[in-house]
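Look at the two complexes coming up: subunit A is in both, with subunit B in one and subunit C in the other.
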Partner chain A sequence: MSLQITFWILATVAVSGALLAVRLRNLIHGVFSLMIFFGALAGMFLLLMAEFIAAVQILVYIGAVGILLLFAIMLTERVAEDGGRRISSRGSFWGMAAAIAVFVALLLPAIRQTDLPKTAQTVQPSVEKLGQQLMDPYVVTLEVMALLLTAALIGAVAVSQGGKPKNEDEPK
Partner chain B sequence: MTLEHCLILSAVLFCIGLFGVLTRRNAIVVLFSIEIMLNAANLNFIAFWRYSENPTLLHGPLFALFAIAVAAAEVAVGLALVIAVYRHFKTVDLEKLDTLKEE
Partner chain C sequence: MSFELIKDILLATVPLLVIFPSLFAFTTWMERKALARIQNRIGPNKTGIPCTRIGLFGLGQPAADGIKMIFKEDIVPRGADRLFHLLAPILALIPAMLILCFLPLEFPWTKSMQPIHAFLLDSAVIFFFAISGLATLAIFMAGWASRNKYSLLGGMRAVAQMVSYEIPLVLSAVVVVMGAGSLSAEKIVQEQNFLWFVFTPWGFAAFVIFFIAALAETNRSPFDLPEAESELVAGYFTEYSGFKFALFFLGEYIAMFAISGLAVVLFLGGGNGPGAGLHPLLDPWVPVVWFIAKIFGLIALMIWLRGTLPRLRVDQLMAFAWKFLMPLSILNILITGAALHLLADGRLEALTRRPNHLYKMIEGANPAMIGVLWIGSFLILYAAACGLDNLNRPGAKPRNYKYAE
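Showing the complex of A and B:
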């Protein structure tokens, strides 16, 4: 019963956080409500007994991605003046129509018509097992992931630096 | 809380993300709407894992972990690109970014 109540609270917080994040005019406020959404989703992962993923969610999303987005907004947008330039209400109407159409026509029937398992399995805390799995069958995947993250980091620095640093020394 | 509830919640979140991608013109907001959609997918992975027949295999959390890592790489590169584009065009309005050439 308390699981139900927690689920509904977290679902409400997640949905309203996401809605605010995509609708708010002020982008800084949008990122903060996005962080609330991430936090609610971390709570949902805890509820589903995936405690390590919940911790990763908080560390990576609220910690890293949220701050990164804040910096990107502060570097690009003059927040004080025109925080968010929204498209006209007509465009927003068609966007909402498309999103609702995808939900009603595509996702909801798929969920309704599939024969889903009804009972949750009992799950033990799984951090230790997760670490072992990452080392034994999934070690190649882990290494590829590390390579990807390194490449993304170097690429992000290279792209955001912009210009051609070598040409700075050349005489103008 | 059944699997169906989780899936419907994740579908709703996915559609909110889609709505943001379709309607907002700021490139950064589009990026974080994509993050909302990726998070909805992660919720699906975890929910299916929890209700699967053999959760001790931990396929769901592992897949969600890798998806989170890929999403983090994606947002880092994406924001770097947005900043590079902003340097060039002095705007992040997607409706004005319609050329590949120098203006």
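Showing the complex of A and C:
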């Protein structure tokens, strides 16, 4: 019973956060409502006893992606004002129709065919198992991904440095 | 929703909500007194029992401050984002209070009762870092919502600083997780029954790195650039007054408690300490007392550092995190792995299943090897620290001061 109540609270928060993130004109408000949505999702994962995924959800989506979005917005112009510059949306009817069609044709059958678990149980691959899996069969994948991310990081630094003139007067 | 559940929830959360804010009040007094002594002043000494001349060493100061804060006018600047201006102090307090729940702190109120944790999670350490990162958002929100140059600069500095120092913080915790073989705070404490992790060379290095990064994470001096009063008025809470300011203050101190608590769990053996067996009624309280005493030891160290060290420059701050702490903590992880491998002698997987395996590994190992391992890893870490220092500041030597004769 209490699980049901928690689920409905989280679901309401998640849906309203997502809606606000899309609808708000003020970009910073939008980012924060997106984070509310992410937080509610983390709560859902906790409700399903998937604590590691919940932690990663908070760590990656709120902690990293959120901060990144905020920085990106900070570096752009005029974020808070309404400014009268509104993106007029044409053909919103067709967009809505396409979304509903996708939902009915693809998602609904998929949802109805899955038998939902009656009660939440501890997700079997616990954190320990997950770690062992990463270290034993998937270690090469892990290393390749790490290499790729490091390369991306160095590349980002190199790009952001730009073509600096060589003879810059450095303070001695 | 049964009565039992509500009772359990209350018993788990109310002590945290009562004890830590009261400790906060005491800590502000302690900090003011200690800083005053360091600066050759007396500090608060008048406020004691009202309507009498009894001063009580100024112990009434926190209460007086609190009353003053409540009655102050709440000023919201024109042009500020009113909603976010209100939400930021609240959001600053929530993650700080939330991470307290992950500390393995048991309050045995009744004899028959099972000790209750707010959260008993297998991955408590990951959760701790995930949620403590949310404080960054609150500070950014405050800086942005105030519509003030100084606030925004302070907020930006805070975000940059906290994002940078989170990396050495987490990397130094990894060392402990490797040694304990678990992410659960309880198991990490149990592993340290005989040997605290701070007494291993890699654990000691990790503790120092962790403590420095924790100072930066909680915006404590010498890393208090986001609120540097000589440059930024008060940084991100320039435009905050009254109780909103008090909430920021409370959040900052609760975060200090929480991160010191994590340091105690990871390195200083949690609630382990002598004193059990005095009286059956007192016994369950011994770990709680030890835990809070250790937290206060670390807080006292923070206050001492605040009274001693000058503030860093922004470029020094960033260079210190990325060019010094991060390579050193990565090296430390490598050393830990090598040391554990040597100590376990190829039985690591079998050994980590047993409690206190690190202690048993050390007990069963050759004493000569332990000596070599301890001194060797200490020397490597020391040499690495000196080398990194030289790389970062080539030609730095003790300054030659010329005083007026």
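Here is the rule we go by: the second predicted complex is superposed on the first by the 128 of 172 C-alpha atoms of A that agree within 3 Å, B and C clash if a C-alpha of one lies under 4 Å from a C-alpha of the other, contacts with A are read in each partner's own complex, and residues count from 1 in each chain.
We take it that contacts are C-beta pairs under 8 Å (C-beta built on N, C-alpha and C of every residue); 3 or more make two chains touch, one makes a residue touch a chain.
The shown structure was predicted, so the numbers you read here are calculated from the model rather than taken from an experiment.
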*Does the superposition put A:28 against subunit B (first), subunit C (second), both, or neither?*
second
*asked:* According to the stated criteria, A:36 is in contact with first (subunit B), second (subunit C), both, or neither; which is it?
replied: neither
*asked:* Between subunit B and subunit C, whom does A:2 touch in the aligned arrangement: first, second, both, or neither?
replied: second
*Just subunit B (first), just subunit C (second), both, or neither: which does A:67 touch?*
second
*When the two structures are overlaid on chain A, which partner does A:55 contact: first (subunit B), second (subunit C), both, or neither?*
second
*Touching A:126, do we find subunit B (first), subunit C (second), both, or neither?*
both
*Interface residues of subunit A shared between complexes with subunit B and subunit C*: 52, 56, 71, 126
_Contact set on subunit C toward subunit A in their complex_ = 1, 5, 81, 83-84, 121-123, 126-127, 129-131, 133-134, 136-137, 140-141, 144, 156, 159, 163, 182-183
*Okay, in this complex, where on subunit A does subunit B touch?*
3-4, 7, 11, 14-15, 18-19, 21-22, 27, 30-31, 34, 37-38, 41, 44-45, 47-50, 52-53, 56-57, 60-61, 64-65, 68-69, 71-73, 75-77, 84-87, 91-92, 94-96, 98-100, 102-103, 107-108, 111, 116-121, 123-124, 126, 129-130, 133-134, 138, 141, 145, 148-149, 151-153, 155-157, 159-160, 162
*Would you pull the subunit B residues touching subunit A in the complex into a rising list?*
1-9, 11-20, 22-26, 28-29, 31-33, 35-36, 39, 42-43, 46-47, 49-56, 58, 60-62, 64-66, 68-77, 79-84, 86-88, 92-93, 95
*subunit C touches which residues of subunit A in the complex?*
1-2, 5, 28-29, 32, 35, 51-52, 54-56, 58-59, 62-63, 66-67, 70-71, 74, 80, 126-128
